[in-house]
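The same subunit A turns up in both complexes below, where it pairs with subunit B and then with subunit C.
Right, the complex of A and B next:
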């Protein structure tokens, strides 16, 4: 079957591009090795970490760093992407709250306050400006190994919040040998679990007079806003989720919003199709070959979007000799000059590590460029983490860039 | 009030702990001081080989003889710290084929049991080894958990009534005339100073021995021979594999716990506290490893680290390569050597011979003190720390537990070498309760604790972490050395956050003089892991490092928290 557009990669960037193109009536295939890195994230939309006012910081950024993806696609593309994702999530019954004029800061599973822009409804009661309005309870389950209320509360207290940590009892019959965040999230979809936990929270609220309660981000996989509403009603306090270590349930929820929308829009998704090489005619990419079930399959399309991610997502891979390859199409990679320059000796160096700014250099239409600045394929756009000249993690802009480039790609390449 | 003891031991590595145990068992009072955690120096930074002696039969026959003897003794006294891997010396196309016969002859001369292994048997056991290997010899090598051995030794020392002060820095040695009579140490946690009066100071500080001697005004020059190692995230072999040649860089692979260690390089460094790992060392180890296991460098490398060998050469013999310096140990009586009484230094040597070094040093001290009790360390079996799985569970016994129904797989292969210095049962170790690779998994399954793993890579349960914390092991690095938390492929991605949080919770329930800041501990630990990972970050391990960064910076915001 011949497609109008084939997207390689099923993260937020790839699915944004797929949804946008499907909405215009194109036949779209998403070809992916796996499900992207969404389950490793907090499940929020990070746009820019530094400062309380992302919008004004970004206005400076696009002038000072013209190679940054935001500068290439423009802030209007980002704004359109943010508006679109809010509409998308609201339609899926999983509303996102916030905006880019004023950043939000929410507690992490260590009790730090982390900057982001849009957060799911299930987290918004944890926003730092509201947290100071009274005594605050952080509650977890001992069986869940990735959430430690006493330490979270200690670190919040050190920042001036009246926080207390406690452990709740896992309702009988729900203890399992392997108590993963996903398993606990499924537990919360059962009415008797919500009733039991709600009752325990109610007792704590009566004793401690808590206004707000922070719980691990495991309050249901599919109906999280309803779970939070029910727990609020039962406990008599405002409830907010705090994202846990991978597997992150809020990250998965956000992914499911995109995935369900894509399937509903008629996008075909082929996961487990690992793109291993490309076939080109001059500057036109004609086909790619995916490998699955011990054979190769040829896929052809008119246009292509590369959304395979960076070093974390698996779109880039390095070897011991300092080479970095782009794994799907073999595109040229912009990277630090030598391996000696890959890392800062300090892990938490504020600027991050140069290797993680490696990626595919692109022109303003997001077409891949070689070392001399020539377009490699005219019918390919690169979006999301595979792009060069930014660090999505340290700059706190993973979802922002994914949306700005993924959703904005089509407008650049009509 | 100064402490008073008969012997003050400097250094909490295998040698110092061995001396403390030997003294205590002979009823001689002693105090051991160590500036860091036990086994935080070279003891904890070597490749983990239990020497058969084979590596030294040509270059240093005396060391070979000592290793062969001690090998048998260690199997008796600390089986839980040893894995009975066996060892092979193989002739690859890059090695001088004529050396093999000389090697065998040298083994016989040094009393090191050896037997040629048919190539078909070698390939059956170790299918990934280079098929171009032309000959192979089996020896009695094994692998050793030197962290665990240090803990076991410390337990034995303390139950024998001696005291161990870790995190105590030796500041001064006090001389009265030409005799050392006391040491002054600083508790690095509280900052308090303490004087310890003693009849003898035993300097067992390894590569740092020159500095300790200098505190008594004695000049002692050691060559710090840095050896770099790389841990691979896979046991490509289950047998220790050596190149059958004169010892050189990168000629050994030691399977230990869940990893295989490529060793080693040998570079002279001026300062045992400050050295780096060079990219060319890692490249060399991988390139040499490829000769033994083709494709080895495509496996994931976990970490590179280095230790410093305390090599000693009598004055006037300097020059030449470090590897030419004998690996055997020297007992230096500074009364004879320098005219300073009350100070004895133990230099050189290796982990496998720690007990023998201690025995000889203590013999000298005991003789001077007029104590006549004989050494007992060759017969006293060391206790198993409570932090071990098997301390919580009924032990699995003997070879049947190790190999299940497949006993013919390996255990029946005899090493009936021509020069066989010990009995058949001891050679095969069939009744010993050795460490075996599946131990942790077996214990986790038996206790149905799979859902309560704090460290999934090394299968460390919450119960073991809490046991360690409740026993007063309170830095994340000490917990790592005790439990291997953070040593696996994720290098701390999940487990260190969990361990730091548990550390905080346990500290809340205990009265602590100086509680550890969990945030700072977390950051320091991750930074230390980062340093060891930098030389080998590429491929999947680079991806892993990025995931760890996503967890600690992207999700937890470790970098956003101020120290409390």
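Right, the complex of A and C next:
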């Protein structure tokens, strides 16, 4: 089957590109090795982790680092991407709030404060500027591993917030074994669970006079804003979610928003379609091959978007000899010269570790470049985590770059 | 492969069994995690792996490509090797034998017997086959090809019908033969036996190896002559392509060649369409139908050939079942007394999707899934090839 555009990768960057192109009437296929890395993230939109004013920091960045993805696509592309994702999420009944003018800081599952720009409605009551307005309760469930209210509360207290930790009881009849955040989220979709937990919270509020309650980010999968509203009404306090360790339900929710929109827009999704090689004619990519039972499957298209992510997402892989390969198309990887230069001796080096800036170097149209700066394929755009010259975790710009390049890719490649 | 697991639990969240049961801790735990404690000659660390239905959804969604379902299948086989195969599992794994015993002139008697609540109660008590489990009705006239062309020069394909078409659904085979003939192919139906999947999924690897090698012997002359093998049962074709060679470590030239020559029928038709060779003289079918792509079909990792091919029928609109949904039956899994209720719970989201469409007919490629869907929803089911045959007015 022939497509106008084939996107390789089903993270936010790939699905943004897919949605944009489908909206223009193109026949689009998304080929993905598995579900994207969205379930590993907090489910917020991180744009730039620099204090209170990301926008002005970004204005400096695009001048000082012309190879940074933001500089390549321009801040207007980022702004359009952010506006678009807000519209998309709101239409799906899962509003994102915030903006890039003023950064937000919210507690993590360790009780540290993390910078971000857009957060789901279910988290906003945990914004650090409001957290100091009274006693604060952090409540968890023992069935949920890796979420320790006493630890979170203690770390918040160390930062000056009057926080207390406690455990709630899972209502009888529900899962009694330890289970994953998603399984707990599915429990919260049941009215009797919400009523029971709401009652327990109400008792705590009566006793401790809490104004706000932080709960793990498991408050429902499909109806999260309604679950939070109901728990607020029942408990008499403001409720906010704290993202858990993977699998992160808020990350899955954001993924579902994109996935549902893509399917509704007629995008074909092939999960488990693991692209392993490319077929080219000169500077045109004509086909890719994905692994399948007994033989590879060939896919052909006019245009291509590579959105396979970096080291973490599996788009790049390194071996023991210091080689780094791009796994889908075999593109040249821009990386530190030798393995000795991958890491800074300091774990928390202010400039980060050079290896985390490895990736595919691109021109302003996001077309992949080789070591000499020549375009490898004219009909391929690289978006998101596979790009070189930025460090998505340290710079706190993972979703921002995904949206700016994923949603902005089409403007550059008509 | 184990080391690729980053413990993200994406697989656990997608696993349809872990979603409904506390008895199954999920793919990450019974797969890459427990695997580290499995050593030949040591006791099995966690028998919960038996609750894996083998749907392979975990494999598809894992972002790092861990073959979890294979780990589980091997672990179950190790358990069977240590503890032996229970009689019930032996019986339901031998679909070939059961089919041969029940299809034919004796079919009405067999059906009447199995339709009687007393027999089913007895079967549950003595054998552990759940009294409500969906069992197919045997046919009086087992599928067989009428005239057999010789292996020769023209456009030819081999049709692999599988046990279910032979003993229970000869009409599916008839539709497949007619559709292939419409494309100008002579269809050969050489002797063949069970693909061995029920044996694999019940952990009887020795019997599965015999079944697969017998099929390879039957099919090899055709493959050698360049004739493709086409099947309507997505699980049989998956087994010939990949499951049997991989799980049984069979890698001879013949095994590989048979695997590489095997196609699901819609995959084959899609290839024809891509080359412009698919007959497009179809009549319009003004219908909106729910279509469930079986897990075993998704495990071929070839996209959605049925959707691609049927898109040429004017007026036909397919409503796709939710991504990663499973009917729960998983071949013989949902027949078992201790797993029946679980399998029904697994299928619930799919069943409500199908009933909500309000359609009186649903499409699905896999026979046991069709029986499960009809059993749980009361909605009639067809193989998509039957619909295509209708569109060709065959």
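The criterion applied here is as follows: the second predicted complex is superposed on the first by the 409 of 414 C-alpha atoms of A that agree within 3 Å, B and C clash if a C-alpha of one lies under 4 Å from a C-alpha of the other, contacts with A are read in each partner's own complex, and residues count from 1 in each chain.
In the analysis below, contacts are C-beta pairs under 8 Å (C-beta built on N, C-alpha and C of every residue); 3 or more make two chains touch, one makes a residue touch a chain.
Predicted model, so just to flag it, every value in this text is computed and none were measured.
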Once subunit A from each complex is brought into register, does subunit C clash with subunit B or fit beside it?
fit
Contacts of A:222 with subunit B and subunit C, given as first, second, both or neither
neither
Is A:192 contacted by the first partner subunit B, the second partner subunit C, both or neither?
neither
Using only C-alpha centres after the superposition, what angle do subunit B and subunit C make about subunit A, to the nearest 10 degrees?
80
Applying the touch criterion given at the start, work out whether A:40 contacts subunit B, subunit C, both or neither, answering first, second, both or neither.
both
Applying the document's definition of touch, where does A:148 land relative to subunit B and subunit C: first, second, both, or neither?
first
By the touch definition at the top of the document, which applies to A:314: first (subunit B), second (subunit C), both, or neither?
both
More residues of subunit A in touch with subunit C or with subunit B?
B
Quick one: classify A:129 as touching subunit B (first), subunit C (second), both or neither.
neither
Thinking of the overlay built on chain A, is A:268 touched by subunit B (first), by subunit C (second), by both, or by neither?
second
Which of subunit B and subunit C A:345 touches, first, second, both or neither:
first
Is A:246 contacted by the first partner subunit B, the second partner subunit C, both or neither?
both
Subunit B versus subunit C - smallest C-alpha distance in the overlay, whole Å:
5
On subunit A, positions contacted by subunit B and by subunit C:
37, 40, 176-177, 246, 314
Listed in rising order, subunit A residues that touch subunit B in their complex are 37, 40-42, 108-114, 143, 145-146, 148, 150-151, 154-155, 158, 176-179, 243-246, 248, 310-312, 314, 317-320, 339-340, 342-343, 345-348, 350, 355-356, 393-394, 398
Residue numbers on subunit A that touch subunit C, as the complex places them
1, 29, 33-37, 39-40, 175-177, 180, 182-183, 186, 246-247, 252, 259, 263, 268-274, 290-295, 297, 313-314
Parts of subunit B lying in touch with subunit A, wherever the complex brings them together:
279, 283, 286, 297, 448, 450-454, 462, 494, 497-498, 500-502, 504-505, 508, 518-519, 523, 526-527, 530-531, 534, 537-539, 542-543, 546-547, 549-551, 553-562, 564
Spell out the residues on subunit C that touch subunit A in their complex, using ranges where they run on.
7-10, 12-14, 18-19, 22, 25-26, 59-65, 238, 241-242, 259-260, 262, 270, 274, 298-304, 308, 323-324
